[in-house]
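Single-structure report; data block below.
All chains are identified by letter, namely A, B, C and D, in their written order; residue positions are counted from 1 within each chain.
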Amino acid sequence: MNTLVSGILFQVLQSVLMVLLAPLLLGWVNQCRAWLQNKKGAGIFQPYRTLRKLFNKDAILANNATVFFQRMPYVLFACMWLAVGIVPVLATGLPFSPAADVIALVGIFALARVFQALAAMDIGTAFGGLGARREMLIGFLAEPAMLMTLFTASLISQSTSLVTIVDNFAHHPFAIYPSMAFAAAAFVMVMLAENARIPIDNPVTHLELTMIHEAMILEYSARHLALIEWATSLKLTTYICIGIAIFLPFGIAKAGDWMALPLAIVALLAKLAAAGAGLALLEMVSAKIRIFRAPEFLSTAFLLATLGMLTHFLLEV
Amino acid sequence: MTIPLSGQLINLSAAFLLLVGFAMLAQRRILSLINLFAMQSFVLVLSTLIVAISTHQHHLYYSVGITFVLKVILIPWLLHRFIRKLNLKWDVETHIAIPTTMLLGIVLVIFAFNLAQPISQLSGTVTRHTLGIAIAGVLLAFLMMITRRKAVSQVIGFLAMENGLFFAATSATYGMPLVVELGIALDVLVAMVIFGIFFFHIREAFDSLDLKHMEQLKED
Amino acid sequence: MAHSVFLPIEIACLALLAWIVLAFLGLACIRQPRIILNVIFPAGAAISLVIAVVGFMALTLQAQTIILPLGLPNLPFHLRLDNLSGVFLTLLGGVSFAVSIFSCGYFRNYNGPKLALVALQYHTFLASMALVLLADDAYLFMVAWGAMAVASYFLVTTEHQVPQNRSAGFIYLLTAHLGAIAILFSFGVIQGGHGEYTFDALRQAPLTPLWSTVAFLLAFFGFGAKAGMLPLHIWLPEAHPAAPSPVSALMSGVMIKTAIYGMIRVIYDLLGVIQWQWGMVVLTVGAATALFGILFALTQNDLKRLLAYSSVENIGIILIGLGLSMVFMGMGHPTLGVLGLIAALYHTINHGIYKALLFLGAGAILRSSGMRNLNQMGGFIRHMPKIALFMLVGVLSISALPPLNGFASEWLIFQTTLQAPALQSGVLRSLVPVTAAILALVGALTATCFVKVFGIAFLGQMRNPDLKEIHDARFTETIGMAWLAISCVVLGLLPVFVIHLLNNVSLSITGFGLPSDAVDSNWIWLIPTSAARASYSPIIFFAVVISAVLITIFLVHRLYHGRLRRGPAWDCGYPEQTPRMQDSSDAFAQAIRRIFGPVFKATRHFPSPDDTAPRFSVTVEDKHWAGLYLRIARLTTFVSNQLGVVQQGRIHVYLLYSLVTLIALLIFVQ
Amino acid sequence: MEIFWILAIPLTGGALLAVLGNRDWAPEFGLFLSACTLVAAGFLTAHVVSEGPFTAFNEQFFVDSFNIFLVALTALVAFTTSLFSRPYMRIERDHGKVGVKALRLYHSMFQLFTFTMLLALLSNNMGILWVAMEAATLTTVLLVSLYRTPASLEAAWKYFILCGVGIAQALFGTILLYFAAEKILGSGGTALLWTHLNAVKPQLEPTVLSLAFIFLLVGYGTKVGLVPLHNWLPDAHAEGPTPVSAVLSGLLLNVALYAVVRAKVLVDGALHTHLAGYLMMGFGLLSVTVAAFLLSRQKDIKRMFAYSSIEHMGLITFAFGMGGAVASFAGLLHMTVHSLTKSAIFFAAGHAAQITGTQIMDNIRGLIRQSPAVGWGLMLGTIAILGIPPFGVFASEFLILTAAMHQTPWAIPFLLISLGVAFAAIFSKVQSMVFGETTAPRLSHSPALVPVFVHLLLVLLLGIYIPPYLAEWFHQAAQWIG
């Protein structure tokens, strides 16, 4: 009983914390980017300001917008929230975790993507369709790669539930898995693609020839846009957290282990900061590629992931 | 061993049959073809008669009678009437390669003798050695039907084949049971009549009895 | 209980009989179409329910057999109702219920004779499918199988004035016939020489591994032809658009599943001893079929063709499940094999339901707007919201999105592939996960494909605004689709029950079941092997998502305002937004055509420069036509031409034939 | 006694119609005669069912389980055919294709043909059997050329010559048979009686019998239409009037095959080898394959179905050649269903040709629109003949194929390919004839399609239920066919 209560507390704590932290991470990434470009930057709290501004505005919907268009932001946000709630970030053994394993996690992202694409096509503008099409293109290339990386991990730890995976890596004697190197590389590429970062997409431009993610949300305004932005930052956070959980799960506490919590939080913040900086660096050194290069990029990721799995079978079993 | 006189006579007539068979194979003119056929039938009757006398097979007398009436008198007469009606009197077979046909015929005869060998061993009749000749007659008639281009000569070939069979029956087994003989005879007669009808139909359809007109139905 | 009076199997037989009677009543009512619509079809639906109930009861009962005094003298009709047939009977009943109800509304604009024939063939079709599932001897099975093919053929050619429909029907029946011959021969091999054709005898018959492999290959070919696996799938995309939509729903939803039933029956039940090489064959073919099917579905513009290709894809997925199961069984891991088998069965049921739903939806669209071509549709959600809702459920299910049923079964298949480490041979160990990769790719492509379908057809602006009087689904149509949509959700939320029931099936035909963890797990947690390995709870998942959405909405509206204004869409600076600016179906698939170019034979038609209303169009062809089937046809004609020479009209030659034959034979004898 | 009636009715009827055949009521009279024959056949059947096999008229006639069902079948098909030909020939007359004299010839010859068939079946004497077979040719040859068109004359001539020559070989075979039998049974009438021959078959001289069988096979095989002796068959079927095509396919081929099988029984008994079986299997397979491939190039509807007859006769021959209880049973069943189905198809096809005024399939379209009954008859008949369940043809093919499966696996590929090719060939053509649109006019007399659907119904019935007594006959027959 006691464990269950504390577990739920952990769950709630983690969910809320992550939701609140997400924009901060985004701000941090942008700030690092600015620094690397020798700019002053808007400060790491800029995203919160943007959100507040958007929330206070009046929402405008296109005349022919349907319920899809109107409710999509909430669904998107909810999906991301659920996702981040499942990933064991602070502690393992959360009560929700067994409800969805890595496959379901990918499923959640797919769900969100489908709704986003449908909403984009709802108005019937040229850009909506274009964005939806490209998003699905990226999606169907990225999703298998993502699954493969996760499968490599789950084959190593004989389980598809993130908790077990984390346990296996965090609380067992350290071992070197060459396959995980492949997986990690693939994961990073997928993460870039899925979160509409350079080199696949550029979150700051609205250049119609190149944009993917932005094209889908052109019609949104005010609170809807705010939710979408927030969800985007959540998505980024979630991905990074998944990466952390799988590739550097050290310092993650067990559920109900209050002593380990502060340490876990600190560790998490440190890892997030590092990851954010790394991401900014990556975006700095690489250039946006043509949309039809994206398949090559992602199929490379897919290939790497599959290779990782094969190496696992060849070397580690 | 010495063969009794009747046997010798039968063998003689058998040899004669074979000769006539070759003659028909070589004969171009239809009129003389008919006469040859009548002659063959007559030889057949003779040989059958000899068999009947020498072996006292009474039912053979009937078949002798039937054959005589049917094949020596009636059918040649019918044929003569037909070709007079259709005035084919001077109708001749064009371009058949006689020598090759003859060679083929000889091959067939040899084959027939080989075929008849084992059977003749088993046969108890005085006429057993003529079985080979009977088969040869059948095959020669067959060959004739293959080589002839005219309807009438094909029919004659058909009748010659009938003769060969009849001869085979007498030589191998002193003839078939009477019922069968009668039936066969009836069939031959009706067949003859129908052939006649056909000649006229064909004639009015193609105004010629040349079979080369009747090669339209095929897989094209 | 009901079967204390009547055994379920007896009820099933009676229901079957009732269907046949209805069929002929339908023919009798040729003058009163109203009766057919308002009495015959509802009655058929009622019978479907009975069948469904019987099948469901059979899932927990012992197998029952019954022998009818019909059939061949020394081989009377044997019927058997066991758990396996129970599963498929339930599917048949459930789907055909919806379809029959739907038909009452759908066929309303058919004239008397046509309707009477449809009623006749439709109910015969249902009866024959049920009979296929109940048959317990080779002869009855083949008879039912053939009746099924013929009935469906006539249904496909209902609109026989259209030439394509005729050729579609021909291709369909030809494939079915070839398949049937193969199945027949496979039975002939299995009975191994003692001439007994009851399934019991076939089970007992001893077979050398070689011969059982031959039997397996024949059966796989035969049933594959009906199921629409590569490269025998060509009939599917032809026949489905040709048939009336309810019929397409039945064919895709149930009929091609009877082929899966046949495979399971023959391979697991009759042959029994499974070799892992078979599994590899099935696995490879399945993977190829799935990938190929979805790629082609993506590039289609005709909605029903698209759905047909997606059926090909799903058959591929089912085959992947079966193949995995066979590999594991053959390698001596029965419990893992069971997992694969259950996954395959589960996906079979799910696909049956959502594909039927989608076809009914397509039918409703077709009937109300007269459109099948996606490029002309658009914005229908504003005119047919009900259809849109049900289609959305179907789309989400088939795209394997949690928490709907499509996801549950694909999740199980993924779990099966992840059991690969258990295999001994390193090759297999590394090949099996590759299929997982392909499955993942296929899943994602499916989502893309159906985003295209829903987005193009229902969202956006009307593509031809002059299209008036398009209206929503009729009442009965709504009921039919609602029934299927609800079962999609239920099957998605309560996978545990399904797993437990299917576990009985595998226990009864293979003798093995899932490990104790899976069986004992309560109804919330879906646990394939053990809790530590993997678990999934659609209910919690669903609850959390819903509540999260509500909380978000609540918070947002509470903390801030809910003000909302309507305005014109941003026109990107262009003078106006015309519907033609939207992505067409072609445009949506353009990236696919480009990336997977080698798979297709795409021909593009460019408009001429001085075209006032330029239209760009692209047609995608199946390479199997030119590559395989036309070659076979050419070979046949060549042979027959060669043989035709024999018959060249001259009587002398004919006589020569007989003489030569005679002499040859005589020489042969001597 | 029934035997007397069953033979006397058609014989006298034929004679009468030869005189009165030009009257208006001639068709009805012919129908009446066929009905009487059918009734007599029914009585005979009942008699055999009650008392088992028996011989009559000092053993000249003989009825057993093998020929009795063929007798019943023959009488039935003859009856339905005359039922069909009543309106059919009238329409032909209205179309001016035949005159009154031709009709007289037709009616009388039809009865005589029935007589010869029944005689061939019932006679116990191999010689009489031969006579009857020859007579059958003679009675039908003029019917084939009934229209007097050049094509029909050519067809008839080929039919006449080829079958005549063939039958001559059969006669020689019979002589050899007699020659062998005479050794044991002594000369005279009894030596050709099948019952006696069957009794003493183990003592018959093997070499002679093998030769005899060759001649009989080639002879009667010509009439069965075995490749390569089949060349007369498509022409005769295509050019003759449809009722004649129907009875040729439905009756003549069966009876000829009956003769072959009778001979096979004796030879098997004498030889103790499987020679006869192998020969028949060889011919059968050859026929099936060649016919199947030739099907795809046909343009004339009746010609196409003639080839399909060759194919099925080949299949039956193959089955009998294979031997064994199952295969022989299947062969008998297939004989029955094939003649029923094929005659039904010819009925429908004949009307189809009348409706559209051509036999060229490319010009026949949309039958189902113009006359649904004809269209459906043709379609269902085709589906039945192609061996698609639940029709009876499938039942027999099921048995044949499954028997072949473990007796002669080497034959399977041929059968598989042939069945597939035949299906594709026939069905594609029939479908395009039945479906689609048309502008053809109506017929002057309403077509008689009762026969079509009666036959198809029977075939369907045989597919799902074979009456016990029928099965019993088949079993007995299969027993001694071996």
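Rule of thumb we're sticking to: a residue touches a chain if its C-beta (ideal position, glycine included) is under 8 Å from a C-beta of that chain, and two chains touch if they have at least 3 such contacts.
Values in this document were obtained by computation on a predicted structure and should not be read as measured data.
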Provide the labels of all chains in contact with chain A and in contact with chain C. none
Centre-of-Cα separation between chain B and chain A, whole angstrom: 102
Please work out the Cα centroid separation of chain C and chain D, and write it as a whole number of Å. 44
With chain centres defined as C-alpha means, what is the inter-centre distance between chain A and chain D in Å? 79
Please work out the Cα centroid separation of chain B and chain D, and write it as a whole number of Å. 31
Where in chain A do residues touch two or more other chains at once? none
Contacts with 2+ other chains: residues of chain D: 157-158, 161, 165, 211, 234, 294, 297
Multi-chain contacts in chain B, i.e. residues touching at least two other chains, fall at 115, 142, 145, 154, 214-217, 219
Full enumeration of touching chain pairs: A-C, B-C, B-D, C-D
Chain C-touching residues of chain B, taken from the complex the two chains share: 111, 114-115, 139, 142-143, 145-149, 154, 211, 214-220
Per the contact definition, I'd like the list of chain C residues that touch chain D in the complex. 70-73, 138-139, 142-147, 149-150, 157, 160-161, 163, 166, 169-170, 173-174, 177-178, 180-182, 184-185, 187-189, 191-193, 195, 197, 636-637, 639-641, 643-644, 646-647, 651, 654-655, 657-658, 661-662, 665-666, 669
Along chain D, where are the residues that touch chain C in the complex? 157-158, 161-162, 165-166, 169, 210-211, 214-215, 217-218, 222, 228-229, 231-232, 234, 275, 279, 290, 293-297, 326, 368, 383, 386, 388-390, 394-395, 398-399, 401-406, 412, 416, 419-421, 423-424, 427-428, 431-432, 435-437, 463-466, 468, 471, 474-475
The answer for chain C against chain B in the complex is residues 644-652, 655-656, 659, 663, 666, 670
Spell out the residues on chain D that touch chain B in their complex, using ranges where they run on. 125, 127-128, 130-131, 134-135, 138, 141-142, 145, 148-151, 153-158, 160-161, 164-165, 168, 171-172, 174-176, 178-179, 182-183, 187-189, 191-192, 205, 207-208, 211, 234-235, 238-239, 294, 297
